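Two complexes come next, and they have one chain in common, chain A, joined by chain B in the first and chain C in the second.
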Partner chain A sequence: MSVPNCMRCLTRPSAVATAALRPFTVPVSVSLTAAGRVAAFSTTPAQQATPQKGSKTPAGRMDARIKRMANGHVRVGKRLHVGGKKGGTRPKAPLPGERKAYRKRIQLSNSNALPVKDLAELDGEHMLSEKNVAKVLSLPTAVIDQLRTVEAFKPTQTWGLFRDPSLLIRPETVDLMNRMQDSVANKQTLRLVIDGDKLTGKSILLLQALTQAFLKDWIVINIPEAQELTAACTEYAPIPGTEPVQYMQQVYILKLIQAIRKANEKVLSRLTTAYAHPELPQHIPVSSPILALANAAKEPDSAWTVFSALWKELSSNIRGRPPILFALDGLHHIMKISKYRNAAFDLIHSHDLALIKLFTDYLSGQASLPNGGAIIAATSRNNCPVSASLELALEQRLATQNGEEPPAKKPYFKGYDSRVEGAMKSAQVLRIKGVSKLETRSLMEYWAASGLLRTTVDEVAVSEKWMLGGNGVLGEMERASLLTMRL
Partner chain B sequence: MPPRLNITPVCRTLAFRAKPLNQLPQISIAARAQARCFSDQTDGTVPQQPAGQLNPLSLPALGETKPDNTVNQQVEPEVPENHQDSNAAALHYLQLVAYGVDPRDPAVEGHKFGLPELPLPSEKHVKHRYDPIIDQMTRLLMKDGKLGKAQRDMAMILNYLRTQPPPRLNPARPLVPGHPAPSHFPLNPVQYLTIAVESIAPLAGLYRFAGLAGGGKAMEVPVPLHARKRRRIAFNWVLDTVKNKPSKGSGRAMFAHRVAEEIVAVVEGRSSVWDKRQQAHKAATASRANLNDARVKAFGLV
Partner chain C sequence: MASAANSLRICLRTCRQLPTVRPVVRPAFAARPFARRRALSSTPARQADENDGAEAPEEVKRYYNPAEVIKDLLREEGLTEQQRETLTQTLTQWGQMPEEDKKRFEDMRREVHASTSQIRYVVKPKKDSFWNEEEKDTDLITDEIGEDDFEEDDMLSIGHAKLDEHRDAREYARIAVWEMPLLSRFAKDFVPPTAEEPLRFRYTTYMGEFHPADRKVVVEFSPKDVPELSEAQQLKLMKLAGPRYNPEKGLIKMSSDRFEHQAQNKRYLGDLVQKMITAAKDPTDMFEDVPLDTRHHDFKVRPQFPKEWRITEERQKELQEIRRKALVLDEAKRKSGALIDGKEVIKNYLESMPAHREPEPSMVRRGGPAKGRLGKGKW
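Up next is the complex of A and B:
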């Protein structure tokens, strides 16, 4: 190590030492003599020396523009600026993530919209009865919070225009809710895929299923955007001891556990654990509350272990365990090769990601929920990667359900995926289309009562919007009547 | 050059007698519809008629009309009431009711959707279906000729305006007289935007006479502006301000939201557009004296 001060420097006073030791009083004689010429060295204390470049004081800013020559001469304002930008103040750019947060924020209420009178609040029975078809009902506040927690609302939906979030009951809704109800009564697993054209209301139907599950005190697990799991935008790591290797997505799963815990707090607080989980980082004795188990997930590294333990508890064949709804939106994204890569730099199939594997195991019927429940996936047709096997499987299941001959594979096409076929081999398909004119009328009356549709709702108006919306496609009707320049 | 021999005057002298056709037996529309060949019936056979019904397809052609008395004889036997026909008519009426049309109204009898009200309201015309101010502002939003995108932007602006809380007006920046209470603004976003644009529209512009002020300088003369041009200037001021504002987010709604925020700022009197308007008015006032210039008067501008 070198000595900080060389021996020669020790012979004369150093700048720092003099500044610290020298008293602030300046000898008059020195200052007077220094007035007329540039001093060889300054006797001014260090505190009064020229300010640092770029400091915030006015003198500092001035100093930034001053050019000092080697002989001590100071050039001020002698540089010629031609063209170029005058150093104007730029406004502060948003912080990382702020722009996306602004784009993705969800507003569920518009205080300008008129409150709709006589709007009944949904309860657990409304969506089970045929006679409520074509009625608009509002969501209870408690369920709104739960749905928000599981991210069931999407930023592209028009919740922000109305006073309170409300739902239109469709025949498909009643059908789905009754199937869910039957699955609990028969202790079976409802395995279902919601499909349909763009903007026909697939995500809303899924939201209705989530609503019903919350109202009926099911345990709800929701994956709001399947593409977040396969687009390689969240961390992943191989799960040790799995063959073939599976991958966990720690950060995503930690967030998922927190969402499950928060949304299902009421149900989970009643349940206690039935197994010892020695693999957990924290000791959770048998018959301790399940919320404590969910709380054990503090670090992303232990998230998958905790999630496996939680799933084992919830899906175990124990009396009194509530039914489970496991929902996923954007099915096409998990029916393809993911963007992740393994150690050999090969692409990983989506079904090798542990969370997705869990979902597809239940969707295919390999595993089942002993206390009943539903595994529901919705396709997304706007953001829809090509998956020939999934499309074929959907067509085949539909044809079988209608008692027709299922379409065959194309003989020379190589793009089929046997794992996707396996996952989809026995799921039910619910294909939704446009709504009827009666439902359109009910919806338009709701819009008009909210003050957002400024026309008389008669048969002519209903027919017009129904037709403009591609024979009752909900999203298109919204576009034609709410998101238009003709208000 | 027109041909010398024109056939039209010759045709005019020909007499057409419509009388025999008028005297043909009147057959109900439903009966005609029933008597038509089905389009999928390729052999051309006519479906069998109920007894006592006249087959309209077997009617004599126009040229070979028989004398009146024979026709009358054919019609005179009373046709028994056909229940199917009356049902069809009733069903037709019901369908009209379902379309929201009063079938008893003589004006709409025989029309599926009734007759249009005349003169045609502007929103029924495909080129004038939007509010004129909204239409003009949309075209000012347009870039690279993408009208569809501009229209979507305008729709998002209007939707933003109706989700914002009612504006708090600034008495120092009065809006156009006669505007409704601010609590009414958000539920009528078209009116909201109109009031904002009309309020900041400058009253006068400057006409520059090149070289008239001497020394190569232009002489500026205030001129009144048409409503359309006033709105154009006002909205362009808004767009200029928006262009210099930083964007808070990303995505397709961002531009529309920035414009809409500026509209709200205009109505609340926070926008710098008000200063631009004041400057424009000052410049117009200062150059009033130039109106007295003889050369300007000779030009006949005002």
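Up next is the complex of A and C:
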């Protein structure tokens, strides 16, 4: 889906593009007559001189209207239109879904941006060391593919401005990665919520966690947009034999299994099944490869059964099973009543949807991963439904972490949700804010080296952008310096 | 207490005869220039005094002692001999009573009359009148008849108005000079309330004028200032006060205007506060299961300029130090060649690209190379 050249860049002459295209724009024969002279440099494409008469091109239609007199004189003028529409036909409207595909496309590379020299490639140890704070490091190609498979990149992020996707290491990154590392060492489950103001880099921090998990050969399951699960835009069905009734989302889960299978192929190919799964549509004998189990999901109807079996295998207490990272973005969307309805036409609580229930069970600490791992959720503050319980829980956890008195519930407020409170009972909260000036400088140097910032990156420029970005809010700094470029 | 007095008053009212409606315009006004009302006044016309003379002949006669009643009765015709005798006997008995007893009786009668008479007249709508057309407008400054005729014997009305103004000013000046200094005799020193006086009352006066709100009394007190109240009891008192409790100021504020007199309302409020304190001290139910309700109160957050943002001398020095360090850092980077300039980067990159030369335009003979005329009309 990605386009090597961004559309905006195509409209102006650029270093690479002009160098590449120039030989083709020069006409084959160049005459010196005044009328036929071709400019040495032109931004308009060379056109065919004589359009075919009656051809479908606009020039051809124009030609059909030209009246040629006997003496060779050509009359081109207004013609009388009687009835019908004036002017030409409208351009063809894009096909259904085409606009959305354009809007949602993810472009990870831009050949117009300059390649940044001396950019080290991330490995599993970089994000663990305090030394690397305020460094920009590029993502390895293999991990880019895996991240793309689990849809970790968002269309709103500015990957499309740079030659290669790179990440800024922040103190929070190092903190989070060390916590993940510790969870594996102690065989514990890290249950964490990433929170912060708008555009502070919550999703990027989650992406860094996913990157680290891929680099460390964890099994990664990612729900990129939680709202897709609760906005009633994917199919659902009650799971037979559950009390209270839970609902599976077959199509979504089938796609999720495929993403898990594809992104974690390297790790999964080493593992074999430990249990027999008689409920599966296909017979998978014990100690057959887990990939075969994942492949058993062919139809949406059997997707949930296969997913349950897969989860049972992965989260079982067997030596050699890798740690699991289960990540979700847009936590507010699963902490409310969903848009789905049950047979009695009542709204279904999000925690009655099986996949979300699995996530919240682990987030609340009801279940744990025996081989260690992390359950990480990130909030989204731009697309953020009201959830009083979640907000309160976040405040309470944060106050407890800081050793303060947690804020109490409002005694007469009716909008609290006990299930949400239960899910958020004991999760850790990592609140991120703007970056420091040191990190800003490093980031701006990366922008300038990519040819996107045409200023000298000194302390004055850094302070200016840092302040324009609301004391170092990453997204705001990007807005202030990259997305309002005057070139 | 208060309600008992009220009911007594209502009973007395029913016993009393209704006063007849007086004619609004009194011709006696013209004869008594010294009693003339001001042309424009914000105070309503009041009933004249009882001993105002014969200006109200149709006034119902009031009796202040039995002798007057009996005398009037005796004057009437159609009494039997026996009745007449009884009345005369009673009259003699009254005459034989000691003078101070008679006076006391009369005083009592007068007092009852004074306390039960109407405060002001009720204006009753006239049923067969159209918009009270026949009523004279007393608020009108002039009667507009012959007003503009000047008979060379007086000032113009505007002059009179000016004089009136002067009179007013002089009257107030006199008050200010002669009477107001005497008020200082009533001045009292301010004594701040002690811990034993936690209630703060507020009264309203309209300077002697009648106003429906002049009976209202407001009491404010803080549950924390009420003596001998434990924390739990204070909390219960706040809960009892409900929406009358202001959680921001920590005050309970109550008002009453249900009784006619300020004193009654104040008494009522005092009793109510006492009742509330008694209830708060009652340990049978401390309302521990009911949280304090503050939904009625809108907590206002007034953003204050943060102290840390103030530019003090220390802060200035700190900022200068930061700027100096920044300059040093930039200079060091510049020297080592690590300072990145975006424009330089782009320029260097373009220069590093393999050089591309424009192809030399090849010379073509006019009219085409070989066949003479080529492409006629095509270019």
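The rule is simple: the second predicted complex is superposed on the first by the 391 of 487 C-alpha atoms of A that agree within 3 Å, B and C clash if a C-alpha of one lies under 4 Å from a C-alpha of the other, contacts with A are read in each partner's own complex, and residues count from 1 in each chain.
Criterion: a contact is a pair of C-beta atoms (placed from the backbone, for glycine too) under 8 Å apart; a residue touches a chain by one contact, two chains touch by 3 or more.
Fair warning: this is a prediction, and the values are worked out from it, not measured in the lab.
Engineer: Please indicate which partner A:P411 is in contact with in the superposed arrangement: first for chain B, second for chain C, both, or neither.
Structural biologist: second
Engineer: Could you tell me if A:Y102 is touching chain B, chain C, both of them or neither one (first, second, both, neither)?
Structural biologist: In the superposition, A:Y102 touches chain B alone.
Engineer: By the touch definition at the top of the document, which applies to A:K339: first (chain B), second (chain C), both, or neither?
Structural biologist: neither
Engineer: Per the contact definition in the header, classify A:L161: touching chain B only (first), chain C only (second), both, or neither.
Structural biologist: first
Engineer: Which partner does A:L452 contact after superposing on A: first (chain B), second (chain C), both, neither?
Structural biologist: So A:L452 meets both chain B and chain C here.
Engineer: With both complexes overlaid on chain A, does A:P94 touch chain B (first), chain C (second), both or neither?
Structural biologist: Only chain B; A:P94 stays clear of chain C.
Engineer: For A:N110, using the defined touch cut-off, is the partner it touches chain B, chain C, both, or neither? Pick first, second, both or neither.
Structural biologist: first
Engineer: Contact-wise, after the overlay, does A:T484 reach chain B, chain C, both or neither (first, second, both, neither)?
Structural biologist: Once the two structures are laid over each other on A, A:T484 reaches chain B alone.
Engineer: Can you pull the chain A residues that chain B and chain C both touch?
Structural biologist: On chain A, the overlap between the chain B and chain C contacts is residues 114, 451-452, 454, 458-460, 463.
Engineer: Flag every residue of chain B that touches chain A in the complex, lowest number first.
Structural biologist: Residues of chain B touching chain A: 98-101, 113, 123, 129-131, 134, 138, 151, 154-156, 158-159, 162-166, 186-190, 245-251, 253-254.
Engineer: Quick check: in the complex, which residue numbers of chain A touch chain B?
Structural biologist: Listed in rising order, the residues are 91-94, 98-103, 107, 110-114, 160-161, 451-452, 454, 458-461, 463, 482-487.
Engineer: Quick one: which bits of chain C touch chain A in the complex? Just the residue numbers, please.
Structural biologist: Answer in residue numbers: 291-293, 295, 326-327, 329-330, 333, 339-343, 345-346, 349-350, 353-354, 356, 358-359, 361-364, 366, 377-379.
Engineer: Touching chain C in the complex: which residues of chain A?
Structural biologist: 15, 19, 22, 26, 29-33, 35-36, 40, 49-50, 72, 114, 411-412, 445, 447-449, 451-460, 463
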